[in-house]
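What follows is a pair of complexes built around chain A, which joins chain B in one and chain C in the other.
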Partner chain A sequence: MSGTFSLRGVRLPAVQLSGAATVGMLVVAVIVNSALQPNFWSGYALTSNFATFVPLVAIAVGQTIVVLSGGIDLSLGAQVTLASVVAVRVVDGQLDRLPQAVAAALGVGLVCGALNGLVVALVRLQPIVATFATSFVFSGLALVVLPTPGGSVPLEVTTAYRAAVLGLPVALLAILGLALLWWALRRHRVLRHVYAVGGDPEAAYASLVPVARTRVSAYVLGGLFAALAALAVLANTGSGDPFVGNELTLASVAAVVIGGTSLAGGRGGAGGSMLGAIVLALVTNIVFFADVPTTYRQLVNGAVIILALALAGIPALQKRRPAA
Partner chain B sequence: MSALLEMTGVRKRYGGVQALDGASLTAVRGEVHALLGPNGSGKSTLDKTLAGTVVPDSGEIRIDGAEARIGGPRDAHALGIAAVYQQLSVVGDLTVTQNVVLGLEPARRLGFLDHRAARVRAATALERFAAAFSGRLPLDRPAASLGPGEQQIVEVAKALAREPRVLVLDEATASLHKEQVEVLFEVVRELRAAGVLVVFTSHRLDEVFALCDRATVLRNGRTVATVDLSSTTEDALVQLMVAAPAQTPVETPDAPQGASRHVEAPVSGRTAESGAVALVVRGLTTDRLRDVSFTVRAGEVLGLGGLQGQGQSELLLALFGAARITAGDALLDGKALPLTSPARAARAGVALVPGDRARQGMFASRPIQENLSLASMRRRARLKLALSAAAERRAARSMVERLSIKIGSLNDPVATLSGGNQQKVVIGKWLLDQPRVVLLDDPAKGVDVAAKEEIYAIVRGLAAEGAVVILNSSDNRELTELSDRVLVLFEGAVAEELTAASITENRLVSSALRLAPGETL
Partner chain C sequence: MSAPTVEAPRRALAWRPGPVALAGAVAVVLVIAGELVSPGFAGYGQLVNLMRVAAFLSVIAIGQTIVIIAGGGGVDLSVGKVATFAAIIGSRVMAGDDANIVPAVALALLVAAAIGLVNGLGVTLLRIPPFVMTLGMIGVVQGLILAYTGGQASGRAAPALTSLVNGRIVFDLPGLLFLWLLLGLLAVWLLRRTTFGWNLYAVGANRAAAELTGVRAGRTLILAYVLSATFAGLAGILLLGYTESVFLDLADQYMLPSVAAVVIGGTLLAGGIGGYAGTAVGAIVLTVLQGLLTTLDIGGAWRTIVNGVVLLVLLSLYGRQRRLRS
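Showing the complex of A and B:
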């Protein structure tokens, strides 16, 4: 009949399986990439690769939290854009204004996240529609703040971002920092409630979980991670761009799916999404270094992503058909 | 003694259904107060208004004489009220520990979780029920991997961990086996001795008489009586509950259906074992079944007994093609029965009323009519394609009447029905399919007395028409009443076979227990 027969003990292996699939994809991507990209393992190439990974990794963590809560945030890319242009306007090339710029970016993420959260949790609009709508508000505001690409980030910041500490690229440390942040959040009550609300909102409500507040928190956390992504974008590119976040939104959703988090909510984690984000970034690299003609690049990129999504989906299919 | 809890004039309306129509309930501390009534009479809704998950349209609730405004579960918690809901509120993806402490997680500074304290709290709350988990508490297992009875115990533990003054148990025993029920009763009696008020809802009247002091009976959302159970007979109580027929569905107003006919249903109707062997199961093995072999005759009702979770549900799922089979096979009327998918099993004439109705038995958000007619559609489809809306409605309508399912409209989603009425839909859906083999996993769970008799009558009717019936039940009374033969399972294997005269409640309990290690219960 329906595919709803889930027998005992079938769930857990499925989650582990999807973790294995993600790691497998990462390994393949790394091997292919290192074969194609000259000096893939050299210090310089590693540094610049990691430097481009950070924004997607950060936004993928944010998207994971929202998805775990049972929602989705299609405005995260626009939030990255808005936070980055606001920060670049605030810092205006001066190192002593860096703290204000960081605070401004985080403030933008917080406000955007809270707005999404309120619209979804209190006005009860469908997350996919609500955040699609707010994404236009945020991109529109970004254009008002910075109509054309420009503004500058202090040189010290861009240099530090590509430097290395104890032989480890700063960007890699940033990724480890994001992982640490996720690790800490996992141990916090808010994330536990996010899982509960995403898994079964009614049961969570009956069990004293503050459902609406938890939903808002999830979007706020999403916004804060978008702000971190914005800071990484600025450190990487050195200037502001009112369109920079456009492609990040759907990439973040793809990273979440590749990472094995269920779009239905309540199941998964950001560890997988971070790997998923790196897989996606490597795929872009591979397509670039494989000498795919420019006109076909996007097409090939898309095809590979579909393949990755399909691979990530296989364990889920098996889980649904334990009887087979 | 002054009342600890006073609910008066509580009303709640859902669309076309008046779930509560001025219900009242008064109870004192140190009392186990039964809340009774037929399916759909408003028991769960009244419980929910107390627990804060439903806010009544009007009505008054007083606790200790002071008016209580319960606008949500947190308000109820602040007043010392905890509830075990009929529709379980465990979150499947969280572990047992996480479920027990959910919403009240012990935390260190800044809201970081204290895992050790959580485990201790969960272990303390579950300890009493350890026997139900074969001795080892599954603290770190996802709740979804537990059986319905085990999940129910997790729910109970969650409520107990909240140390309530008022504990609401809404059919908390529905999926429990006798031994677990006994443990729960012990706990409830201790709470009563400590001054806690327990509001207890169950359709098993023997439990009500064994445990409760007084009973309030609801009918159509209204309180009809509160009685002292020590001076009330079971018959009198049943009379109070069924005196008026369950409110008839809106679409067929005043259909003449006296409830008395249910009560008069024959009680001992064991069918003769004259039929030929119809179902042969040989060496069936899965990761939870060990080499299970048996035969069933056409027209025979085979019961499955034993402690809960010894493979009974798994056996039914396996015969329905919903388990991975590593060895063994089954023959129906001499032909191999496909055990590879539920769809094929259904086509071969096998029907399953699953134990976990929320996950396996129904499409909660789809209309009642669709749920009822889905399994049997192909019978009515012309040229295997066209369905007539009228025929679908007629089929669904007849089942609604036969089982007196209390509904607003056939188009309402199943999720809006009361627990017992949902169960009736799940049963009805397969009965419409005129199956050859009927697998029943706790079919009368949460169903009221009258409908229970109706379901028993239907089961006997199916058997009389030559179907093979295999019945798993957590209720030994049900097994003794319906079965021609009982297989007692232990750790996935057939441990004993009881026939005819040896099928008694005592024998079932002792047979199940003698095999259990240590007799810890």
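Showing the complex of A and C:
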């Protein structure tokens, strides 16, 4: 590890390079998708595409923050589930209860994140297995809150989610909002600490960075973004489902890696992960519209994702070779 | 994090049970708790049944142990899917006929090993982090399963395989337990008595140092992933013998429990330290816990919650990392 202050200068090229790989993949995905899907650029297709992107984009931002801190959160999907079923129970189809529902979802994310942070930073369990264990707790609680799919979201919310403001789909604005949120966080001291702790915890500790507190903050932020993902899921589907978040967890990790963030922590950013999440979603779209026989869809999908994961690692590969 | 203090001298905690002994004690406590809650839980037949369920997780976890000892963030998330795929291949090729056992098992293990080889190559040559490589592999294997079966598993276990796995041989114990013992001994031998095993620990403890002393780290890692997938495939075959017919997500749920079993057994996720005995006990602990929770009449949701909490407690017995010191 070289000195902390020169690190930023050293790392910049690598980050830009991996950013280029992600942007390249996104461009290719968009071109292929628009070639295959005849009405890709029509307002309706764009709106419904973006509407399905938002949950994964939001959870990918949360996962990025946790990964940057040197951890990983395998309970994020379960948190999305729990936050969404709590919110749908609170709102119960009535528009005037929307603020309470949003607050409840965020509260769930906060508490879940704090629990994870406590277990990882203070009890010092390995993040992979610890968050796997807490995911049982969260998904179990989700089943207690809402045993079977049900509950309803006010029609106004689902309608607004698929509407457009000034020609821009609301879901796209939500993604831009998430990007803005990340941009603001990135400038806050907490995120600087997260980068420091993830890059080299010993050095951060020696430089009086509150390591444990920073780790807890990272998991709490992860939980809050999971709550945002939960709200997007509800706005998109219109009802509660106690299993809805299961598939998001591992996809969020894939999005982070495709976005060029190092799983070792301390290097990368959520901008890439957001693009990575969109790439993942587009790949599914492409495989669907490419007339791949149904039974081979998943295989092609999986192979393309592995390819994307490998491509995302190439900049880091070039950078690491001389050192190894 | 509190202010740095001088570490207590080691004598202060003169004797601490090793992870294997501790996990074993937890298993015994869980069994006793089960007997108290529901008399008959610790009965002979019931215990044999629990051990039989533990065997599958335990065999899958052999490979997981090897990969985790290899270090470098080593973990194999694709074991569950690989086991499922092997069982599906085995079932289709066997088609319920004893004559087909050998080609079926050979083909299933070959395919599993090939998947492991791809994992290993991705991790070593492309330097994709193991977590992500094997995560991506889940999608690919799922795709292979759908392409191979067309969404409908077919075939049936050969009667000979079923009687090998389920048949009572001695002491009324199913053959599966003897197969598990055999595979367990094989794992311990691999880890402790072969050049590969020694290389594995060396690479896991310090890859650079191992390379400098002439260990071919890349080759060792690739072999670790091949073995992991192969053991997963074997577990799939055993599972096939047990259930006789397969379904498309037969062994998927073993993915993360196999990691948990390894950690509870005292193997460090950082690599280089640990062994199979601990993993086997860890798998037993997890299975007894499941059995205990099933006997408690608390409903599926609460069972899941309690499972998570107990898992956290188990992990904090030995899965803790050291604290930071400047």
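Note that in this section the second predicted complex is superposed on the first by the 309 of 324 C-alpha atoms of A that agree within 3 Å, B and C clash if a C-alpha of one lies under 4 Å from a C-alpha of the other, contacts with A are read in each partner's own complex, and residues count from 1 in each chain.
Keep this in mind: contacts are C-beta pairs under 8 Å (C-beta built on N, C-alpha and C of every residue); 3 or more make two chains touch, one makes a residue touch a chain.
Please read all numbers here as calculations on a predicted model, not as lab measurements.
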item	value
Partner chain(s) touched by A:248 [first = chain B, second = chain C, both, neither]	neither
Which superposed partner A:199 touches (first chain B, second chain C, both, neither)	first
Chain B versus chain C as contact partner of A:266, first or second or both or neither	first
Partner chain(s) touched by A:190 [first = chain B, second = chain C, both, neither]	first
Partner chain in contact with A:296 - chain B first, chain C second, else both or neither	second
Chain B versus chain C as contact partner of A:72, first or second or both or neither	second
First (chain B), second (chain C), both or neither touched by A:136	second
More chain A residues in contact [chain B versus chain C]	C
Doubly contacted residues of chain A, that is, touched by chain B and again by chain C	202, 205-206, 210
Complex contact set, residues of chain A against chain C	72, 74, 119, 123-126, 128-130, 132-141, 143-144, 147, 201-202, 205-206, 210-213, 250, 253-254, 257, 263-264, 294-303, 305-306, 309-310, 313, 316-317, 320
Residue numbers on chain B that touch chain A, as the complex places them	51, 53, 72-74, 77, 83, 85, 88-94, 98-99, 102-105, 107, 110-113, 142, 144-147, 158, 288, 317, 321-324, 340-343, 346, 359-360, 363, 375
Chain A residues touching chain B - in the complex, by the definition given at the top	1-2, 4-9, 11-12, 184, 187-190, 192-193, 195-196, 199-200, 202-210, 266-267, 322-324
Contacting residues of chain C [partner chain A, same complex]	1, 73, 75, 122, 126-129, 131-133, 135-144, 146-147, 149-151, 256, 259-260, 263, 269, 300-309, 311-312, 315-316, 319-326
